[in-house]
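Below are structures written as structure tokens.
What follows is a pair of complexes built around chain A, which joins chain B in one and chain C in the other.
Right after this comes the complex of A and B.
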């Protein structure tokens, strides 16, 4: 099996998953014991008004018909109106998604860039201080919820260091809209004051979001690397004159990365849904906040849309993880057992 | 005149769970240029650790307590000496399934091994390619360079061991240590790999240390044999002579336990289990399993003594004139 075939197979599987997801979430949203017309129009609307509203939204037709109607509209950017914001849900998502996406993407990049080298170096100097640091970081990260870290950081930084960028995304006029991600946009438009302000605002939530992941990834890399140094090939390459840098970062890390990549994918995907508490603490106004508000008010168009966006994010991530695992490990790509 | 490789009175311990276990006791071995030596013994007798001590790649919990190892006149027990020795010694391992990293193409790994051996010297791509090809041919890996594009798991066990040997050849070693090189392979492949090793030692003027638990292999491919038991050399000498007239009861037991097609000779095993090395070191290490043991064997460890020309044995019974059942 060639790499192209491997990719095609995985992409096809991802599409099937997405169709399944859309069916499921559509069905669930339609069997919710809520009355969207009544909710939208309020307690003083007459029964006839509610019925007319339902007809307008197509809620009186058979479910399968509603599904195809809904799917057709969804694929054409008609995501329906939000009961809460009275706006097209697609527009709401366009506003909220980039904020969360930027937050968690920077977090996952930081997690990889700090966690993986930390694990490798800790493993190469076994018994030294760094492995203790990794272990401590891991335990602290697992034990303390990220929103608590966020609250603590806010208190410490504002009270003791008079650092005031503790809520919101920016405290100067925002940069010209390019991607909707403020930090990225300020770089793209060369807007220095906006860049400084967004960087400051990112600092604390990124620490709060990344701490646990860094510990987890460092620990996973560390133990994986230790296992690799016990392998026969490690000894063999060492006797063939390998420098320890090449041995660790090229040969051992590649095998050790296989579980690390899988966990990074899971972390990234879980962040989009779980960043909610951190977003709340830092008044971030991202997608998670939008989704939770939608759930609390039975705003089913918004619920369906956010679930689908998060679902697509999961599926795309899984695909990327699968593809990179296939790239790293030829046994996966060529479909051979170990 | 010192020998090419000399191990003298090597004592090695392993730290495990706060305990110190003596693993090698007073191991001595000499090897001349272009000589093939076999180290024979059961699992856990210390063969592999002896080899790893020569390569300077001991496990982290192993400590050399006393003894010397010199290779080509250089002390390999210093960090610099070990690095210098590694330039001329190559080792191949028991399990070709795990001794090559599965995630890299044969080409990548051979390229790296070659680059490491160059020490910054520049060679053109063509020179490198031709050296890699000739190493593969030297290891009898034919296949028009197809092997180079393959991953290790796409090769058979025998092919992998050949690739391993080719990697070793890239370094142009003057000593090759083969640690159970054929144990994981089927019998016909075993035979091919062994004759390849023998051929290479002759053609490339390499010395060979062949570690094996298989006496047949030692007999075919070595000039000198060291028999190890429980971390000690119990008998050493010219291979043919040891097979014709083993003097140590353990060696005799090993030879008697080789299955034979000759029905007049029955196969015999050695009773008991491999000695635990953490037991109190009183008496001969083999005494508890030895059917010839006399009182003296239970109180003191015998020393290696030359009892026949070139043949050293550590056994009181042999010293007293031979193996008679008591």
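Right after this comes the complex of A and C.
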């Protein structure tokens, strides 16, 4: 299979998946509830208000027409009003998504910058304390809920370190709006006080969000590196007197990195789920906080919108992981191996 | 017992013994056995079994840990130790009730799809694609959020999601195992599709499946606790570990024992499952993500 054909096929499958997801969400939000208008507006709405809401959704029409009507509107930015914020849901998402995106993007960068070197160093000093640390970090990091880590960090830092940036995103006036990501904006606008404050506020949520991933990536790099050090080329280079730093970082790491990059991609996509828990702990005003409020108050337009945004983010990232793997390793394109 | 089932039992016993040679897996097995025993015996061994659910005694509220209240008491005067042990029951119950039907349904679908291929394969692949197009926690939150949060709806939400993974993993395994020589041999001997799928392919997928099930049990408990923590899961006064952490987090600065002990309990339970799962994975050298 040529690479272009592989790409086309995967993109098509991703589109089919997203159409399926939209059907599923449509079913869950419009058909499963017996009376969506009443459910969304609550027991105190008048019958006329419910009827108007139902008419707006087109609930008297056949199902397939309702779906296409809804899909058409959604694709044209008509995401409806939120019953919580009384604002257009699209606008709400535009406000809240950058905060979550910034949180998880910085987390995945930190995870790579800490996890990969940690794994390499642990592997090059085999049997030493560090490999035990990596293994323990991996085991405990995956088992301990991120909300527990978050709560623990809040208490420890405020009690013992008198560090008070334990809630919210910023405690000085926010920087001028450029991207909506406060930390990035404070750099772009050269706003030093905002930069310091956002950095402090990012510290604890980033640790809570990244801990599990750092352990996972370090362990994966470590075991990948150990496998490489048993390969013939590695032993040959070693016998020829290659310096161990070059051996580890230049040769072994390169081959060990393919599975690591795959997992990093998948991890990035799934961080948006852990962000739900971390945002709750740190009162982070991101998409997750918005979605949880929507779910608690049966705000259907907001639920549908956040789920679709997250679904697109998740599917597109998984697609990119797939495509880059196919690019790096032709066996995957051809469907052999595995 | 027929000869083949004796052999299978011996294989199982031998694998189990080898698993206990792995110190980490053994630690996991011991922890899990202890937790299961505590959970099963909860009404008999907890000091105040009537305080597990709907109960309030404000005179006893916020007592710090002592001999009469090992883990202290919470904001309405319930014994935290009792509630943690009952919390194990809820977590383990949800893990079992979600896993077993998911495995049965998913494995059967995956076997059929992988064995026959064609449109069945395409259908199962596309359907599972859709269900796996969202992270597990978010998918479960959406369904439970729409159905309305309760123990039953949390289980429905997790069930509607979880079978997909087993369909996926079994499908992939079946596709690679169905061309093995022993399957060919069975076919030459005149074995039917049913026999090949369930007696030849399935037993050879058992190691991968059991590693996956152990890791998933931990993952289900983690997700269920997360749902409870966010208030879109099991509702109070049910002694759910995630809900207990969420409610206790309001008092973490002064009454640390209310959220801390449920957090530790949750971590140990998940850790136990992960240790066993990783042990099985290492033992059989199988790949599970």
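The rule is simple: the second predicted complex is superposed on the first by the 295 of 338 C-alpha atoms of A that agree within 3 Å, B and C clash if a C-alpha of one lies under 4 Å from a C-alpha of the other, contacts with A are read in each partner's own complex, and residues count from 1 in each chain.
Convention: a residue touches a chain if its C-beta (ideal position, glycine included) is under 8 Å from a C-beta of that chain, and two chains touch if they have at least 3 such contacts.
In this text, all values refer to a predicted model and were calculated from it rather than measured experimentally.
Chemist: Which of the two, chain B or chain C, is in touch with more residues of chain A?
Modeler: Touching more of chain A: C.
Chemist: Pick one for A:28: touches chain B only (first), chain C only (second), both, or neither.
Modeler: A:28 contacts chain C only, not chain B.
Chemist: Looking at A:292, would you say it contacts chain B, chain C, both, or neither? Reply first, second, both or neither.
Modeler: Only chain C; A:292 stays clear of chain B.
Chemist: Just chain B (first), just chain C (second), both, or neither: which does A:328 touch?
Modeler: In the superposition, A:328 contacts chain B only.
Chemist: Based on the superposed arrangement, let me know which partner A:64 touches: chain B (first), chain C (second), both, or neither?
Modeler: neither
Chemist: By the touch definition at the top of the document, which applies to A:161: first (chain B), second (chain C), both, or neither?
Modeler: Neither partner.
Chemist: With the two complexes superposed on chain A, say which partner A:44 touches: chain B (first), chain C (second), both, or neither.
Modeler: neither
Chemist: For A:236, using the defined touch cut-off, is the partner it touches chain B, chain C, both, or neither? Pick first, second, both or neither.
Modeler: After superposition on chain A, A:236 lies in contact with chain B alone.
Chemist: Chain A residues touched by both chain B and chain C?
Modeler: The answer is residues 338 of chain A.
Chemist: Touching chain A in the complex: which residues of chain C?
Modeler: Spelled out, the residues of chain C in touch with chain A are 24, 126-127, 129-131, 133-138, 141-143, 145-147, 172, 176, 218, 222, 225-226, 229-232, 242, 245-246, 249, 252-253, 256, 259, 263, 266-267, 270-271, 274-275, 278, 289.
Chemist: Give the list of chain A residues in touch with chain B in this complex.
Modeler: By the definition above, chain A touches chain B via 126, 231-233, 235-243, 246, 250-251, 254-255, 328-331, 334, 336, 338.
Chemist: Quick check: in the complex, which residue numbers of chain A touch chain C?
Modeler: Against chain C, chain A makes touches at 13, 16-18, 20-21, 23-25, 28-29, 32-33, 139-140, 142-145, 147-148, 151-152, 154-155, 158, 266, 269-270, 272-274, 276-277, 280-281, 291-292, 294-296, 298, 303, 307, 310-311, 314-315, 338.
Chemist: Which residues of chain B touch chain A in their complex?
Modeler: Where chain B meets chain A, its residues are 55, 57, 60, 86-87, 89-95, 98-104, 109, 112-113, 116-117, 151, 153-154, 164, 167-168, 171.
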